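Worksheet for the structure shown next.
Chain naming follows the written order as A, B, C, D and E, and within any one chain the residues start at number 1.
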Amino acid sequence: MLKVQGLNTYYGQVCAIEDMNIHVKEREAVSVIGANGAGKSTLLKSIMGEVRPKSGKITLSDKTITNSRTFRLVNHGMTLVPEGRQVFPYLSVWDNLLLGGYTLSTKERLQMAEEVSEPFPILRDRKNQAAGLLSGGEQQMLAIARAMMVSPKLLLLDEPSMGLSPRLVYEVYEKITELHQRGTTILLVDQNAEMAIDFCDRAYVLMAGRLVGEGTKDELKDTEIVQKSYLG
Amino acid sequence: MIVDQLINGIVLGSVYALMAIGYTMVWNVLRFINFAHGEVYMGGAFVALTTMYLGAPVWLAYSCGMLSGALLGYLMEKLVYKKMRTAPKLNLLIAAIGIAIVLQNSAQLIWGASPERLASPFLANNVNIGGMMVNQHYIFIIIVTIIVMFLLEFFMNRTLMGKAVQAASQNIQATELMGINANKVISITFAIGSGVGALAGILVGPVFLVFPTMGVFAGLKGFTASVMGGMGNIPGAMVAGLMLGVLESFAAGFISSGYRDAVAMVILLAILLLRPQGIFGKVVAEKV
Amino acid sequence: MIFGKTKFNGCIAFFMALTLILAGCSSEDGSSSKAEASDKSESIRVGLQAPMTGDNAQYGQDMKNGVDLAFKKINAEGGVNGKKLELVVGDDKATPSEAVAVVNKMIMNDNVKAIIGGYNSSPTLAAQEVSKNAKALHVHMGASPEFTTLDNDYLYRIILTGQVYVPAVLKYMAEEKGIKKIASIYENTDYGITMSDSARKAAESVGVEFIATETYNPGDKNFSSQLSKIKKMKPDAVMIVGLYNEVALIAQQAKQAGLDVQFFSPDDSMYSEQLIELGGDAVENHIFASMINMEMDTEAMNEFIKLSEENNIEPEANTAIAYDAALALAKAFEEGGDSPEKVRDAMAKIQMEGTTGLIQFDEDGERSNAPMIMQVKDQKFIIIQE
Amino acid sequence: MEHIRKLGYRRLGLLIGVIALLMIPLGITNPYFMYVINLILIYILLVLGLDLIVGYTGQVSIGHGAFFGIGAYIAAIFSTKLGLSFWFTLPIAILATAIIGFIIGFIGLKLIEEYLVMATLAFGTIIWLVFLNWTDVTGGPMGIALIPSPPAMNFGIFQLSFTQYADYYPLLLFFVIVAIIFTKLLINSGFGRACTAIRDDELAAQSMGIPVFRTKVVMFTISAAYCGAAGTLYAHFIHVVSPETFNFTMSVTILTMVMIGGQGSIIGAVLGASLLTIFSEALRATPELRMLIYGLLIVIMMMFFPRGIMGIINYYRKQIEKRALLKKMKGAKATVDVKKEGLGYE
Amino acid sequence: MNKENLTDTAILTVAGLSKSFGGVKAVNDLSFSVKKNHIHAIIGPNGAGKSTLFNLITGIIPPDQGEVRFSTTDITSLSSDQIAKHGVSRTFQNIRLFPDMTVSETVLIGTYLLTGAKLAPALLRTKAFREKEQAAKQRVEEILKFVGLWDVRDEYAAQLSYGNQRRVEIARALATQPQLLLLDEPTAGMNPKETKELMELFTAVNNEGITILIIAHDMNLVNTLSDHITVINFGEKLVEGTAEVIQKHPAVIEAYMGKVKVDA
């Protein structure tokens, strides 16, 4: 479904991603793990068109999407839950959700809002509260629900466990798993290697902007490289 | 005397309020001071004037003025500011000042330096309100300002497009992630803000005349009012504009007319130092 | 490396280059101007110092039109002693420092032999020093009276001073209109202050009293506060000292504020179609003293009107006055020839009919025509007292 | 040894340069050009002053026209009303602008970015309105005219009587050279480095023990004093001051010169002041188009050359250096792509 | 080096420190102390409040409650430049260099406290001033040689490799002659080789008698380097102790690895 070929991304002079090749198949859940600064987030940002890659090719369902504008990609059925949630702090929870469905018709939008908030009762309880006042975990739920508004075919998640307590991390992963089981393809990036590997079908290991390992859940679980990457 | 000055102040204040709302809209999305906003105010008034010369009825001329103001703002954003998104704020500021200079002098080339009076169907009549004779056009200005405020308030807080504008002001990248074309949202906001600015110029035209440099001080005042009201706050801008107008009139009436403009500047300084979030702004603690 | 090791060296290098360029230009220019002076054939350059941009731009434009007409006429008749007159326009933006800058440039760089303008008092006061040092005639339209104390033989005023205008109009107001209590609102400039001071001096002798005095700054468009204050004092009449834009606006806003009394102005600064266009009903009955009457049936005026129609120019009072100044200047050049002193002496002795009547100057360089009293009636300017 | 010789040459070069600069009036016969050069020198002082705070400390002010005005008005008032000569008005003006600069800096520099811009704008406008309305002292809109020239100076070989523009030139040049040396000494000291650190990263600077606020205020004070000195020179040179000269437009003009020359560079200041002054004087021929072209120039410069002329020069300088380096390395893989660096902020 | 004799005195004491942002508690009633000459590590998951803690200690943000003492001085309400003056220096999580400066210029900024900023001597170029400048340049040279950046001293700091940029930051911090050095995730984003080299540098710095307080994710680094470890989560202290104690602590495993797997 998603294919990244020979991707190079630079921040000024600094190379953040070097010759990256990954792919995601339909209905698959793929994780990308690696230490801080390994280039995981840059990878997602490059795919999502937030950062301009220097070279390489990205295709989504056989369509080349390299250098596409972010909002176009969303309309193509791919969306990202960004690192650090990035909810709109001064807008209410419900407005955040509705904005997620900006491209839908009014009727569909309201219907979807009801639908996606169903698994997250807390969002319904706090409908009119400013999103910035939610706790980290709640914001993460909101960010995921917001991304689900457009019923994406492919959902990218950037560090969904960041700054969350273990119990919350657990909850977040439960929700993601649920989404996956309902048929959403997922590409997920997380520092929390253990959770990420447990969740996925297949994973990539990144280190300093390069792909250093790849394999299915079971292959990777006990390899040294993974041990190393999640411990540092 | 007090009532006189109060009415003067409210009329003046309504215009400041409209200017302030325009500034606030632009600030809302790009967080920078569009120094050329005063020139949009002037441009709108001149186009209205020309349309009227060509024989258009008043309502059509006014609308044309507003639309051309909006177009001017849109072009400004499209041709200059958009290309400078990543530029330092200082460069943007100077570019805006450059645009203001260009527009002012183009206006002089096109329409000449001599002030013109914009026609108003209401200017000739005074209305008796509780024994006070108030000009009908003044009342027209106040009513239009209030309507515009409510419309924009509705647009910003009750429509999804308005929410998108707010979202873009908080986080452009996340806004794009919602499938929203943030550039378009910004352009539209710029156009609306500029249209409102042009409307202010059109409303003032019959009272204070239309001439190429009319935007300079009006711009400063509108800008002061928008800071007073809390940048980005539409009702705040409205109330602050009115307050500023009344305060100025009182200062001019009871202290010295020469220092009328100094009042606005002193208020601006005081607000910046004591309540930079504006009189009606809220302090929102953000994680550093 | 483009520049030397230290920035200072770079600065010096740059400045040297700049100098070379400028020196190149200047020697070229200098020689050509010298050639011009000795050749005696080409043309006489005259500078116009007036506001061409900014709030006062239309006055400058009017003046330019007037001078253009005059020069066209003279050049068509063969010029001055066979030389064509050439106009150099300098924008003083109605500010003293710009006036100094632009007169400097016109005299030193453009080689102009005389200056017409400025329109406003303060810029003229500042710029006359430059023209005086260069021995260039300076014929201006400013109103400030201090000019007589400047000891500048090259400075001439083509209009009347406030000391002539103000008593005339006050006398009329007191005698014909029976006005006792007057409020005044004046522009806070040399011009306004002079007029206001003259008015206060003259008031006693004609038996009127100033009960309120308000000021505004040039460029102001909102006079509501001042008018409210004046309204409270209940005057019989209000004297407005200002240029036509402001007079029209003040009258308008006074009407909107419900201040309905006789308005008048001391001089003809607002004598323009523009006043009626902007002021409409509000300026009806406005009284002022004037040195010029555009309806006057004199040879000079008729010629001026004909010329302006031919050239498609609005015949404004300011245009006619500037036209007079240019004609007077041309005559002085014709009689004085190449010597600046002789030109000056010719100007001092000049006697000619202009659109403003007999043009002649006293030893201070002032004109001494008697003003007439005019009024706006039915959207037209009419004379009510000769 | 070689080092010393180099230094000696440099000194000699400077000496010759200064003498050559002093000879300029001999080469220029047109007094108007002399006038323009003098004006440029005054602008250089202003731009150097503003650059201290904008270019070296990273704080924006669009109120520096007011300091210029305060200096000019103090010179005008003290010389016309009290009869003080230039040599007395100059220190008074410098001191006064420094004090006012200190007060304004102390109040305003707590603000950041656009809020500081607005505050300096408000301050500049207030001062301008005071010039305009305090008629008893400042002469209101008429300003103050007939400001005397500096007293004649006799140097034995030549006299400066200050009746011609050429006479002002050595005096103005002297102050500009002093200002340039002063600026150089300042920015090459611990204090100057502290300022640059604040400009580049306030937080990091503070963590190095630099008292950010105090440093900014001191720099603002010095910057105001430069403008005060320029104002005094201006008043005694033009002989007239009036409020319009020192309004918002003047503040913007100085800031534009800083930006167009290139921030944080002495050569940039000289270039910006010179080119913009010449440009604006050259456009006097077309008064109606003058400001229009001027405005367009500003917009285009800001859009395409955000680092000003110095940005362009540095870009080509770097490119030349890099080419030389590449030649040296011959065949070695180029590590840096020149084009990537661009002319501006990216 | 005999550490034990020196470690009795606490160089930094944090007591009951709290800070919240818009209702969210970033640091909550946190207390710990750093002993002189130790390398003290602070670990915890992302968002646990570690960087906020550093910002509180160095006075970048004021705490809501609590006290920070440096040796015997109360530095709670001091501004960060004053704290730096007392001898606390730091690096930042996202490297904060001065974009327009070369390596040696950047480090020269660090000598601000050494040279001072007196204007008059600078303008008169007095002897004392020149001597101080000379001393500062000397110090910069020493430090650059010490951290191994002498060869790249004239290059723009921002154009160096990630690892060297971090070195510049450390060199700059060292130039202030600190007694306590705070390092915020100094090895984040480094490759193993760079990490190893940086670890060597830290030991060398510590051997110069400078106490180090370090935030890190790299357990390997923490275990090898640190004398003492404090684990925080949700702004609260979870555990503290030596590396061995921490590694085996169930709460740490839970917090850090995100899942209760004590039994496994």
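One rule holds in what follows: a residue touches a chain if its C-beta (ideal position, glycine included) is under 8 Å from a C-beta of that chain, and two chains touch if they have at least 3 such contacts.
Everything quoted here is computed from the prediction, not taken from an experiment.
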{"item": "Chain hops separating subunit D from subunit B, counting only touching neighbours", "value": "1"}
{"item": "Of A-E and B-C, whichever chain pair has more C-beta contact pairs", "value": "B-C"}
{"item": "From subunit B, the most remote chain by mean C-alpha position", "value": "E"}
{"item": "Interchain centroid distance [CA atoms averaged], subunit A/subunit D, Å", "value": "52"}
{"item": "Whole-Å separation of chain centres (CA-atom averages), subunit B against subunit C", "value": "36"}
{"item": "Centroid spacing, where centroids are CA-atom means, of subunit D and subunit E in whole angstrom", "value": "40"}
{"item": "Residue numbers of subunit D (touch at least two other chains)", "value": "132-133, 288, 290-291, 336"}
{"item": "Sequence positions of subunit B contacting 2 or more other chains", "value": "105, 108, 258, 284, 286"}
{"item": "Shared-contact residues (touching 2 or more other chains) in subunit E", "value": "22, 24, 60, 159"}
{"item": "Interface residues, subunit E side, partner subunit A - complex", "value": "22-24, 45-48, 158-159, 162, 185, 188-191, 217-221, 233-234, 254-255, 257-260"}
{"item": "Touching residues on subunit A, where the partner in the complex is subunit B", "value": "48, 50, 69-71, 74-75, 79-80, 82, 86-91, 95, 98-100, 102-103, 106, 109, 132, 146-147, 150"}
{"item": "Interface residues, subunit E side, partner subunit D - complex", "value": "58, 60, 79-82, 84-85, 89-90, 92, 96-101, 105, 108-113, 115-119, 122-123, 125, 129, 132-133, 136, 159, 172-173, 175-176"}
{"item": "Residue ranges of subunit B touching subunit C (in the complex, touch as defined)", "value": "1, 4-5, 8, 12, 105, 108, 112-117, 123-124, 126, 133, 135, 138, 207-209, 211, 213-214, 249, 252-253, 257-258, 260"}
{"item": "In the complex with subunit D, residue positions of subunit C that touch it", "value": "1-16, 18-20, 22-23, 25-27, 29-30, 52-53, 89-91, 93-98, 100-102, 104-105, 107-109, 121-122, 125-126, 129, 188-190, 193, 217-218"}
